[in-house]
Structures are given as C-alpha cells and as structure tokens.
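Order as written gives the chain letters A, B, C and D; numbering starts at 1 within each chain.
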Amino acid sequence: MIPKPPVLELLKLEVGFPGAPIVKGIDLKIEEGEKVALVGESGCGKSLTAFSILRLLPQAARITGGQVIFDGHDLATLPAHELRRIRGKGIALILQEPMTSLNPVLPIGLQVAENILQHEKLSRRAAKERVIELLDLVGIPNPRERYTMYPHNFSGGMRQRVMIAMAIACNPRLLIADEPTTALDVTIQAQVMDLLEDLCSKLSMAMLLITHDLGAVAQWTDRVAVMYAGRIVETAPIAPFFAGPQHPYSQGLMNSSVDDGWHYSSHRLTEITGNVHSALGERGCAFAPRCPLAAPGCRETPPPLELAGPDWHVACYRRAEAMAPSPVAASH
Amino acid sequence: MGLLRTIRRTALQALPTMFGIVLIAFILLHLMPGDAVDAISGMSGSSSQETMEEMRAAYGLNDSLPVQFIRYVAGVFTLNFGMSINYSAPVLDVIMERLPATLTLMFTAFVLALSSGIVIGWAMAVFAGRWVDRLLTAGSLLLYSAPNFWVGLMIIVYFSAKLQLFPAGGAETIGADLQGWAWFTDRLHHLVLPSCALAAFFVAIYARLTRAAMLEVLRQDYIRTAHSKGLHPMLIQFRHGLRNALIPVTTVAGLHLGNMLGGAVVVETVFNWPGLGRLTMNALAARDTQVLLGILLLSSIAVIVTNVLIDWLVSWLDPRIRS
Amino acid sequence: MSLLATDPNDRPRLRLPKSLRNPLFVLAVIVLLGVLVMAVFAAQIAPYDPLDMVNMPFLWPFADPSSPLGTDQLGRDLFSGIVQGSRATLLVGFSSAVLGLMIGTCVGALAGYFGGWVDIILMRVTEIFQTMPTLLLIIVILAIGNPSIPLIAISIGLAAWPMIARLARAEFLSLREADFVMAARALGYPTGRIILREILPNALPTLIVGASVLVANGILLESAVSFLNLGDPNVVSWGSLIGNGRTQIRSEWYLSALPGVATVLTVLSLNILGDRLTDILNPRSGERS
Amino acid sequence: MSLLDVENLRTAYTVKGKTFYAVDGVSFSVGAKETVGLVGESGCGKSTLGKTVMRLIEPASGKITLDGHDIATLPEAQMRPMRRKLQMVFQDPYASLNPRQTIWQMLETPLKVHGVADPAERRRIIEAMAEKIGFPKASLQRFAHEFSGGQRQRIGIARALILEPELVVCDEAVSALDLSIQAQILNLLVDLKREMGLAFLFISHDLSVVRYISDRVLVMYLGKIVESADHATLWNSPRHPYTRALLSSVPSTDPAKKIGGAISGEISTKIPETGCRFRARCPIAEARCALEAPELKTLPGGNAVACHLA
C-alpha cells in the first residue's frame, strides 16, 4: 500500500517581522482527515504559523524561509492568483473572534455566498440555496430568514457557526481554526467543537486547531504539536501525550493546568518559573532558562525533533532525564 | 413608519439646538453698540432725533429685550426674520435672493471635495508607505495648511491672469444675457475656480480621513476572512474595505459643513460671488443686525438639515444603526 | 498584540522616538522655532515700520536690497510686514488655542466623566456652537466690539472649542470605564484626584494633538478675519497683507503670495508636528506597531 | 455573622429606555478567610455583581453588609473608610494599571488617600508588599508597560492588598493569563490568602480554576444564583441542571474521558417574564417551570439550589 501524501506539509517554515524572527523553522504534517492541534502560549508563533499557510500574515510579517506544501504546490511561493484558488476552496480559515471576523455591513448570507461564487460556477440563486443548506447544516435555525440578516443580529456562538458555514462552503480539504472557541462560553465551546468534529468526519476534512486549551486538544483532536518560542518541541498522538508528555515544557504545562479534583487546600500547582520573554537572546533551547532540567549543553544549539516513540517526536537533549521519575513529577 | 419616527426624533433633537442658536445670536447682536437706526442715520448723516425715534418704534427696537426676543423666536418659526434696514425689504427675501448662489457653490465644492477626497484617500491607503502615498500625503497636508482665500488668489493668478482659462470673479458674464445651454456653461465656467478654492481644504480633510479609516478597516479581522475566501483583492477593497471606511468619513463630513459655510463667506469675497458672503460683509458694514441674525440662523438651519441627511446616509451605509 | 512579544526589560529605556529622527519633523520644528524667534524679536529684525512708506511703490522682490521682498502700492516694506505680521498671527493662533483648549477640556471632561444629565446638557451646548458656522460666529463677535487682537483671539477661541470638547469627552468617556480608573474608585480616591491624576494625564496626548490643530486653525481663521478687513487696522498680520495685495493680484501677485507662503509654512509645520506628536506622547508607542 | 452579607441585591441597567436587572435579587454571604467562587457564562451578571458589591456600580435595591455596616447606600465620603476592607483585582493586566504612573506611585497613592502620612511608613509598607509579590525594589520606579502580563497582574494584586483588606473581589483575575503564568498567580493568591488571612470573592468563567481555589461556589444564570454549594459537593453531585450542563461542558485533559453532550442554546439577553430563566435550555423542564420562578431553597447541610426538580 502506498501511503497517501499528507494534506499539508510544513517544511522548515520560518516567519517573522523585519528583524524579529517569530517562527523559527517548523516541520508539521497533517494527514488526510486528521485533526491536529497546535498548542502554545501567547506569543509562541502559533497564530503566525496558521496565517502563513494561506499567506494571510499581518502587514509587516513575512515568510522568511521554508515551504508550505499543499496539493503539490508550495504555497509560500505560489503566485497570488493561483493561491487565491486554494484559499477558501482547498484550505479554509476560521478566526478567533466571531464578533470581528464577519463584515458588519454585509448580510451574512452574502458573505457565505461570496465564497461559493468565487470558486464555483453557480448562479446567484443556486448559490443562495446552497448557503441556506449550509446554514442549516451548521445548526442555524430559520436559515432562509437569517440569510439577509447582519452579523450584529447574531450571538457569538451563532456567528461562529456562520463562520463555519462559510469555511466549509466549498468542501475544503483542510480547515484551519485559530482559537475558534476562545471568545465563547464553555457550553457554546462544546457545541461549536462538537459541530467541527462532526463536520470533519462528514466531509472527510482535516483540521489544524490552534489553541492554548489542553482540554480542547484532548477532547477534539487526534494529534498535538506543542510550540514554544517559535519551535515545535513535541508532537504526538493525544492518547500517549496526555498519559505522559516527554518534553519538560509539555510536562510543565500539564502540571500547571488545574486538573480534576485538585484543591488549593491540598495541592499546590507546579509553576513554570519566569516567562516567555526569558527566551530572548537564547542561542540554544529556548526553554532552557525556565527548564528545571537544563544542562549547559542545552544552551549551545537548539535541540532537533527526534523520534521518541511511535509517531512521537520530542526536541529535548534531556529527554531521558525528563522521563525518569523526578521530584517535579512525583509531587502529585 | 421608521422614516416618520426618524423625522420626529431628529426634529426633537434639532429644536433645542435651534433655540439655543437663536438665543445666542440674539444676545450677541444686542451686545452690539448702536443699533440699525444709528447705522442708517450715520450713513445718511441727516436724520433728526425725532425721525430716529420713529424708526426705532417702527422696527420695534424700543421694546424690552425679552419682548423683542419672543417676537423674534415667533418670527423664526414662521420664517419671518424681520425687515432689513439696509435693503428695506424682508430679511428672508434678501437672503433668499443670495442663497442659491451660495448653495450652488457649497454643493459643488462639497461633492468635489468628498468624491476626490475619498478617491485620493483610498489611493493613499492602498499604497500606504510607498511614494504615491507620500506624495499624496504631502500634497494633502499642504492643502490642509493653506488659507482658502489665499488658494483662491493664487489660482486666480495662475488660471485666470496667466492662462486666461477661467474668469476671476462673478457668477456669470455680466451683460451677456445668455439663454439655455450657453447660460449654463457660462455659469459652470464661473463656478470652477471658486468651488476649487473652497473645496481644496476639504479635499485634504476627507482624503486624510479616508486614508486613516481605510487603513483601520484593512487591519480588521473580516478583511482577513475575506482574503481567506480567495476573493479578488479589488473586490475586497471595495465591498469589504471602502464600504466600511465610508461610515466614519461620511459621519465626519457632516461635522465640517459649518466650516465650509464659513469658508464660503471668504471665498465669495475673493471671487466676487454674489452670495451670502458678500451679503454678510455688506450687512456688517451697515450694522444690519436683522440680516446678520438671519444669515446666522438660516445657515445653521442648513447645517442641521444637511446633518439629518448625512445621518440617513450613514444609517444606510451601516446596518448596525438601522436596527 | 499577542503575536509580538518583546522583552520590556531589554528595551533601551532612553531612545529617541522614531518621529524625532524624521527629517520632516525636524524641519517643521526648525520652521516653527524660526517663526517664533521672528515674532519675539520682530522689532530688532524688521528694518522698517510696516505701516510707513519707506521706498518706491511696487518694488518686486530681490529688486532692491533695502527692501528684499519688495514694496506695496504705498511703498511699504513687505519684509518688515511679514516679520511684524508674524506677531499678531502667532499671538492670536496660540492664545485662541489656549482658550479653546481650556473651555473644551472642561466641558468635555465634565460631560464624559459624569455622563447622564450633565453630559446631555453640555453636549447640547457644544452642538449649538458646532452647528453655527465658525467664521460667521467670529464675524458677529468682532462686529460687536472694536476689532483688536485680544477680541479676535477670544472670538476664535469661543468658536473653536467644540472640537476639543468632543475629543475630551470621548477620551473621558472611555477612560472612565477603564479598569485602572475602576481600581482608583475601588481604592476610594476622591473624584477630583481621579479626574486630574488618573484620567487627565492619559487624555492629555490626544488633547495636545488636538491643540496643535487648534493653533493651526486659529492662524488660518485669524488670517481670514484680517483678510476680510475685520482685524485691527493698526496691526499688520499675514492675513491683512494678503488682503492688501488683493487689489493688485493680477500684476503684483507677490504681495499676496509671500505672506501666504509664510502662513502655509507655519501652519504646515504645526500640522506635521501634530501628526507626529501622537506617537511621541504615547509611552506605549513602542509596544504597538 | 459573615464578613460580607448580600441580601436581595438588584442592579439595574437601562438600555434604550428599557430597564432590566443584570443582578436580580441575589443573596449570599462570604465568611472571614473564606473563598467563595462565582461562576457563570458571560452576560450572566457575575461581573456586575462583583462591581456592585464594590460599589463601583450603584445597586438598585438590597443590602450589602460588610463587617456589620450596610454599605449599599453609603455616600462616597463615608464609603471611603470601608474601602480599606474591600478591594478588587481586575481581569486585564494591561488595562488595570495606569500607563502614566510608576509602580511606586500606584502603590503609594492608596496609602496617601487613606491617611498614611509618614513617608517612611509608606516606604516600609510598599517595600514589604513588593517583597510579597516578588518584585525587586528597583523595579518599582518603572512603568507598567515595561512588565509582562503576569508581572502586571502581580502589581494589580499588590495594589489591591496594600491597604490590607479583609475581602478581595477577584474579577476574572487569571483569565487573561497564559497557563504557566496562571499557575504562578493562583499560587500567589493562595499564599497571600494564608499569610494575610484574606477572604476572596473569586469571579470566573473558568470552572477548573474556580474549583481549585474556592471553598464554596455560587453558580449564576441570567442575574440569579441557581446553586450554591461547597466545592466538593458541587463537583461530585451538582443539583441544578444548569450546573450539571456547565460541568459536563468542560473538556477534560484526559482524552479517554469524553465530555457529555453539550446543552443546546445560548444564554440570551432576553429574560423571560415568568418562570425559571434556564427553562429554554433545560433538558428536564416541565410545564410548571414556565409559570413559577423557583426560589433558592436551602438544603440540609447549608447548600442551596433554585430548581423545582432538584
């Protein structure tokens, strides 16, 4: 059996602002129909990575190196008009803030229809019918009446559903969701994520979920890539990852998250000391200044991602020590 | 239904403003030393005390201030602004005779300023940071800094005196007695320089506003959403960008109308335009208080009415206001 | 912005803001300083009294070294006129701006901070002043009294404050709800302290930029007023010089052009200054971008 | 008697001429040194409740009793001395610090306002507080924008604690922070609570955080408290259907433990005229839920729930 090529492959992707590299060489594969989470704290470059796939970076930011392979094309260098054929059709995007990601002065029906009319030869009338079906599919009641309504008539959760309808309008093979539920309440988050999960399997669509919420990762994705200061430090299927992450940063994240049943009276949270800024000017592993296991060697060159298990890669020189029962891990 | 409600709400908002303006104008003009009768007698130089008192009584100038004020307010509501002493005619007639010329000038200048301002501002935003933007920014900053009467004089020097392309003053060729199309083109020909002089400053304002609004809009998430759908950049610029950017620009455009009227007064003086500007200067010289008061009131009404129109325009552009 | 994280501790603490290194900005400051020096030392710099006939009439600029910028129809020296005229122009521009800034800030601050009825009433008054065409209002005020520099400044200030009031109100309205103001209230700071020490310093940059526009506007309005011959006939200002040249505009156009250039340069510099002040005055300007 | 007693508190908002109550008849109490969590989705009125207790928003009716004094209607001048006992930590560490003041000024002003006249005394208090939050003395002369989000939140906490209050309202105090920083701040709050004997009213939408830090939890829905319980009971046997829905929506970090089906619908700004406010989304609602509004009934053991069917 010949393995199918991945839907998307990032090769040594580097993104940055002039004089400030943010994403420092990322390798990431997303297989057909796979849901991959890119996890990290604010400022680690996860959103820039997501935006760079469709070259939707903020004004000054640039892809400074590497490739973005989709469907045999390198999106990083593809001419703009060809890239436009992939945007919305091959790869779709959902943004974090449903309040601002829809145009406030256009009816939502038109905004969804725009996507269809751009990529498919359909009459306006047929497109409208398609939009109504889509709105229905994402769980918007009375889609026909809602077609001509404006975003301000919708609640946050409903707007995010409109965004999802827009994203799946042309059956994309990959959906990039940048913190799609951060601005939503927890009950709405569950609704929206369940919907996305459902649509992924119905439409055999792959998903790249950008998030900082480990719970969402565990619940709704297949594989996780942990990012720290512009590099992926660990990537693994979720089951083994949540059973025992190998990178000290992943371990730190797990320990500082408030787990089920912990209470302040009996359990002190494990902190990762310092903050992300500590990595500035670091030549070696960016996590070294905050790492409890850092050795002098860690501060020379950044560790490469190495195979650490089935489909499991970790970028850490001290992986062996991190896996050994340590005082950090033993405290709970 | 919605329209009626809007009209009622607007009227309720505009009335106190109007009343305040009447009050302020009345107070200001009664602070003037000497009254209209003094002015007339000063001009003729021969009126006796007696005739002056008769005139005062005839014009109601001997009544107490509150009485004069109440009479005036009542008059305003019936569009009766009193008599012009200088012209011996109702103020409304005197003003109405000049108003069309001023309105023509202002309307032309406003349309010119808004349309070219938006186009220039949009170009500046699209090429932000590049030489086109820098050039246009410098140009608009220059226009923004120049007194309009000076701009008027300079374009007279160049386009009228040197190139002899346009007439330097007046609203029509005097004594030509033109009809139909020839009359129209003659009018238009006279309109070019004054309206450009009046528009210059506002072109700069609207261009700067459009640029800022457009840059702000282009940073928004929904622009990124639009790009993520693979839409053509031009479509995004117009349907998603400009449409949103026009909301603040239009809103602010309304706030500048009062300024433009003030500007018209000066520009009319430069170009001998037979409008309210010249009437103001004449009334001032003759201490024709009723006319000055009338001009101030009527132009304020004009500003209020235009602002209502602008509000409607904005609510048409912005569905959030509509609901 | 969450995408960009720079270590605040590594940022050099004393660095010239970018705008201070901008040549246009430097030029604008130099022009303004030049005009200021000219106005202050006008008596020393100007060779003649600008109202005296000192030379042949209608001398073109550079024709006679004793009147480098030429003379008008009465043989009055234009260079002296421009130098002396800068006094009236700047004086009116700045003092009207100060007046406008004071009225506008007070009205806007009270309306924005207290809201409710105070806001409704004060904003109504602001609207009344904003609806009346500025120049007409100034003309009427000038018609009341004897035209003099202080009256011109006062009338311009009275007509121009609504712009500042709106700016101040918007700033106070949003800052009133800011968390740090909430914190100040939670800590029991007196209202006066909250307005003056917590909100005002944060609103000030916007107001100062607004004031630079006010000065520019004041200069433009003053020149319009003098151009219309409503100014003090015994004081030369740039506007009156332009107005004086108007009768010879087709032949001796330099009489209007040169004082106009002086006006444009000054106002332009003020506008450039205002444009750049925004990022100089913002302590967090490095944080954004 | 508790440290804070809130009785039948209502807070009114007027939007487009219509009045509605963001907080509608809420009663609860916070004991000395107790941490009471307040959870609910955005728009449920929890933040308004916090600000009303702080007297940053005027209550429409009801009583707020702090240490035996009703502060609900105290004029600001008489409120001032009470504010020493009652302080607040805000959500956004960027908006809650005045960008034009140094950290020192921010910590010194409350002392000045509350009558600590001796500069040496103020210095001593500020330096002691700086040590508590882990700030070197030298950094106190710097401005807020020179610090990271977590450091700023420490400053915000220090400012709230400088007057040594008895009760601190934490309004989403860790919600804006990254996970690793969140743990630091939570630990700091716990340490300070133990050290200074603080009581907290801990407002958050994040159930895991509330569960970790609270002794007792109030669940709020559309302006009303629907359940009040000690932390162990609430998580082990939630009574109100809304609480249950809320708890089952929180994704677990254990991939094997899939969360229960999400409840439908969204919190709406339209409050039903009669009956239970949750009934439109409630999976077990009956006919009478539309007619009668359930009271908050106290159960044996001190917990309380507002549901006909619980």
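Assume a residue touches a chain if its C-beta (ideal position, glycine included) is under 8 Å from a C-beta of that chain, and two chains touch if they have at least 3 such contacts.
Small disclaimer: the values here were computed from a predicted structure and weren't measured.
Each step here moves to a touching chain, and the least such steps from chain B to chain D number 2.
The greater number of contacting C-beta pairs, out of the two interfaces A-D and C-D, is seen for A-D. Per-chain CA centroids place chain A at a distance of 31 Å from chain D.
Taking the mean of the C-alpha atoms as each chain's centre, chain C and chain D sit 48 Å apart. The mean-CA centres of chain A and chain B are about 54 angstrom from one another, to the nearest whole unit.
Averaged Cα coordinates give chain B a centre that lies 22 Å from the centre of chain C. Not a single residue in chain B touches at least two other chains. Looking at chain D, residues 148 sit in touch with two or more other chains.
Within chain C, residues 8-9 each touch two or more of the remaining chains.
Within the complex formed with chain D, the chain A residues making contact are 41-42, 155-158, 185-191, 193-194, 212-220, 238-239, 242, 252-264, 267-273, 275-277. Note for the complex: chain C touches chain D at residues 8-9, 11, 178-180, 182-191, 193, 197-198, 201-202, 283-284, 287. Against chain B, in their complex, chain A makes its touches with residues 51, 54, 56, 59, 83-89, 92-93, 95, 97, 100-107, 111, 114-115, 118-119, 150, 152-153, 163, 166.
Those residues of chain B whose C-beta lies close enough to touch chain C in the complex are 16-17, 20-21, 24-25, 28-29, 31-33, 141-142, 144-150, 153-154, 156-157, 160-161, 168, 255, 258-259, 261-263, 265-266, 269-270, 280-281, 284, 287, 292, 295-296, 299-300, 303-304, 307. Residues 51, 54, 56, 76, 79-80, 83-84, 86-88, 90-92, 95-100, 109-110, 113-114, 143, 145-148, 156, 159-160, 163 of chain D touch chain C in their complex.
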